[in-house]
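Going by the order they are written in, the chains are A, B and C; count residues from 1 in each one.
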Amino acid sequence: MLELTGLCAGYGDLEVLRDISLSIGQGEIVGLLGANNAGKTTLVNCISRLIPWHRGACKFEGRDISRLAPHEVTECGISQVPEGRQLFPAMTVWENLMMGGFPGKARAQRAKTIEYVFGLFPRLLERRTQLAGTLSGGEQQMLAIGRALMSGPRLLVLDEPSLGLSPRFVQTIFEALAALHREGLTILLVEQNLNVALKNVQRCYVLERGEVAISGRAEDMRHDPAVRKAYLGN
Amino acid sequence: MNREIAYTAAGGLVAVLAAGVIVSAMPEYYSGIATKTLIFIGLAMAWNIVGGIGGQLSLGHSVFIGLGALLPAAMLLKLSVPLWVGVACAAVVSSLIGAGLSWLTFRFRLGHLYFALVTLAVGELGRIIVIGTEFLGGASGLLVQYKSWSFGEVHVSVATQSLIFALAFAALTIVVTYGLLRSKLGYRLRALKGNEDAAQAIGIDLLRSKTAAMVISAILSSLGGSVFAQYNGFVDPEVVASPILIISIILFTAIGGIGTILGPVLGVAILFPFGEILRGVLANSLPGLHLVIFGATLVAVIRLMPNGLVGWLRTRMQLLRVQQA
Amino acid sequence: MDILLQAIIQGVLIGSTYGLIALSMGLIYSVSGITNFAHGDLMVLCMFGAYTLFAILGLDPYISVLLVAPAIAIATFVLYKYLIQPISSQQLMVIQLTLGLMFVIQNLLLMVYGGNFQRVPSVLDGDVMIIGDFAVIQSSLFVSFVTTWVLAAVLFWLLGRTDFGRSVRAVHQNARAAALVGVNVGRTQLIVVSLSAAILAVSASLLVSGRAIHPSEGLHYTIVALMPFVLGGMSNLLSILISGTIIGVAETVGNVYLNGPLGFAVPYLVFILILIFRPQGLFGARS
């Protein structure tokens, strides 16, 4: 579904990612792991085209997305739940969700999709007139995911959804993700917490200092000492 | 870095002095333009202390220049206070206003845009107060008759006096800028300009440093205003106290390269005489054409050579060095 | 007392137009972080557009605005797209560029129209309205007031209740997230900028009635508008409008008590005074 080849990217002259290649099949849950500053968020922002690429190519569902603008990537069917949620703080829960449904195709379905999101996260329905900036961390994460779902994506990219959340909320979030996956949504999950990640994904890539160090099935990786080594440095 | 500063400062001084020597031998029309150019170089250097080194676009320096131009003349004509006392008073008042302005805008970190907007409003307030105050000449300005000096057999005409003052002023600003850049204050200002957060984290006091820069700049600008008044004889408030004056200076400096030492000198030295001559030639047919050209040049420079002429020259020279290596 | 009341009413009326000019600055700033120091000059350009349309076609400024507004919207669109947007991340550069622009516009106008004051006659010239037995106001000022607040109401409705308006607010609150939900940030900014220019053209035609215009007044209008802009916290449109009223009242009341040019110093003094106590503006947020 997503084929990324030879991606080199960074900020100005600084190269953060070197020759990254990965692929995600339809219906998979794939993890992107690695220690702090390995380049996970940069990679995800490259897929969303928020960061200019130095080199590389990317195909999504057969279509070349290497030169699209960020809003066009969303229109294609890839939706990102950014690190730190990045909500619209002075808008209500409902307005944030409405903004999620901004792309043309999704707009017609907005009413139905909002109902679906409220079904997935009943807490959001309760708080639909509350300003997003005043929600708790867990509620904000639910809203961020809900907002990303509003554009009807076929690939959902989540950047560290469990960051700063209580275990209870983490469980709620991952239960929702599992439900979404069962219904056919393809998911790319960036996670710093190794155990949480390996429990919830099928395959994963481990990034180390801007390069893909390891890739394989989650089951195999759970017991691979090389993975832990890549994670913790040396 | 220090060597580069030393070279450019020395170069600037030499250029200014050489210009002075050449010009003093020229017919009065051209020496007049040269004198004005030197004054504007000095004013640009003075502004650059806040603008280039401090990294804050001040649009209110017209207050200091206007004070320096009008207060001594007013005190002489209306209170019979000797000029040099008036000049000193203007400098003191300017430094106080500068300190106040700094306090107003830098005690909280409100950003560059805020600073530019507030200083612009203050500059305009200064112009309105000058025009509305009879003591400072009101809307009609002040006229001071300067006398030529005689030392025995040597006569120094008023025009030559202006040239000498202008030279001294320009040299002073170059020396002060050079000294500032090599001082601890200069180091602090550059750190703040590069990264305010990091600089404050290592203990650099934003308010104190910016205020020091502003006060120095204000005093120099005030002196420049006094020299300008001496050159002109008649002081027109719409010229000296109007934000337009300082904005023109910023224009020249930006084209030359804000934040460098040579930038203000180069920008003013190239553009100002050109503008004056053009203005003389086109006096009645197309008034303001020279300003259109300046404005358009600035727009082009910002888009094509963001670091100004000096920055562009520097990159060229680096490229040459790389090629030769 | 009567004179004071008259001045206050007048100030509220004229302040609404100042607020409108400042509002268009605020709109542009809130969506792109850009402040155009040639803003007032663009407005003077509109005023002279109205003057020319009167000279050639005999159009009343209240009518010619229908031609001037789209023209200035297009001109501003081109200006922003090719000159300003490419450097929009460097605030200091934008300020310098727009200062250069100010020189260009101001002096082009001087070259074309000369250095004299011009008048643009309008249908409301000399018309006054009498309120009760305590105030006499120019009809043109009253029209300005009503137009400003109606326009503002429409704008607030647009921003609050339509998809486009919501996308503008989204870009203001978090441009990155807006891009991620599918908003074309660059294009949204350009549309808002063009809209603001059209609003500026309306301000111009409102002011032109009953005032003499001059090519070099642009900077003055920029400065008069920047005060409500800053006092309103630069992005809060309603507080910008209210601050415009404050500045207007300060100006008219100042002129009652201080003779000559000094009366016009009062709004600036009020501005500085407010900033001493609330540097972030009346309704702004301290970061």
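Definition applied: a contact is a pair of C-beta atoms (placed from the backbone, for glycine too) under 8 Å apart; a residue touches a chain by one contact, two chains touch by 3 or more.
A quick note: this is a predicted structure, and the numbers were derived from the prediction, not measured.
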| item | value |
| --- | --- |
| Contacts common to chain A and chain B (chain labels) | C |
| Identity of the chain that, by mean CA position, is farthest from chain A | B |
| Chain pair, most C-beta pairs within the contact cut-off | B-C |
| Centrality ranking, top chain (CA atoms only) | C |
| Centroid spacing, where centroids are CA-atom means, of chain A and chain B in whole angstrom | 54 |
| Distance between the centres, which are taken as Cα means, of chain C and chain A, whole angstrom | 43 |
| CA centroid of chain B to CA centroid of chain C, Å | 31 |
| Residue ranges of chain A touching chain C (in the complex, touch as defined) | 48, 50, 69-71, 74-75, 79-80, 82, 86-91, 95, 98-100, 102-103, 106-107, 147-148, 150-151 |
| Footprint of chain B on chain C - complex, ascending | 35, 37, 83, 86-87, 90-93, 95-97, 99-108, 110-111, 115, 219-220, 222-223, 226-227, 229-230, 234, 258, 260-262, 264-265, 268-269, 271-272, 275-276, 279-280, 286-287 |
| Interfacial residue positions of chain B with respect to chain C in the complex | 55, 57, 104-105, 107-114, 116-118, 120-122, 124-125, 128-129, 131-133, 139, 243-244, 247-248, 250-251, 254, 258, 286-289, 291-292, 294-299, 302-303, 306 |
| Interface residues, chain C side, partner chain A - complex | 163, 166-167, 169-170, 173-174, 176-186 |
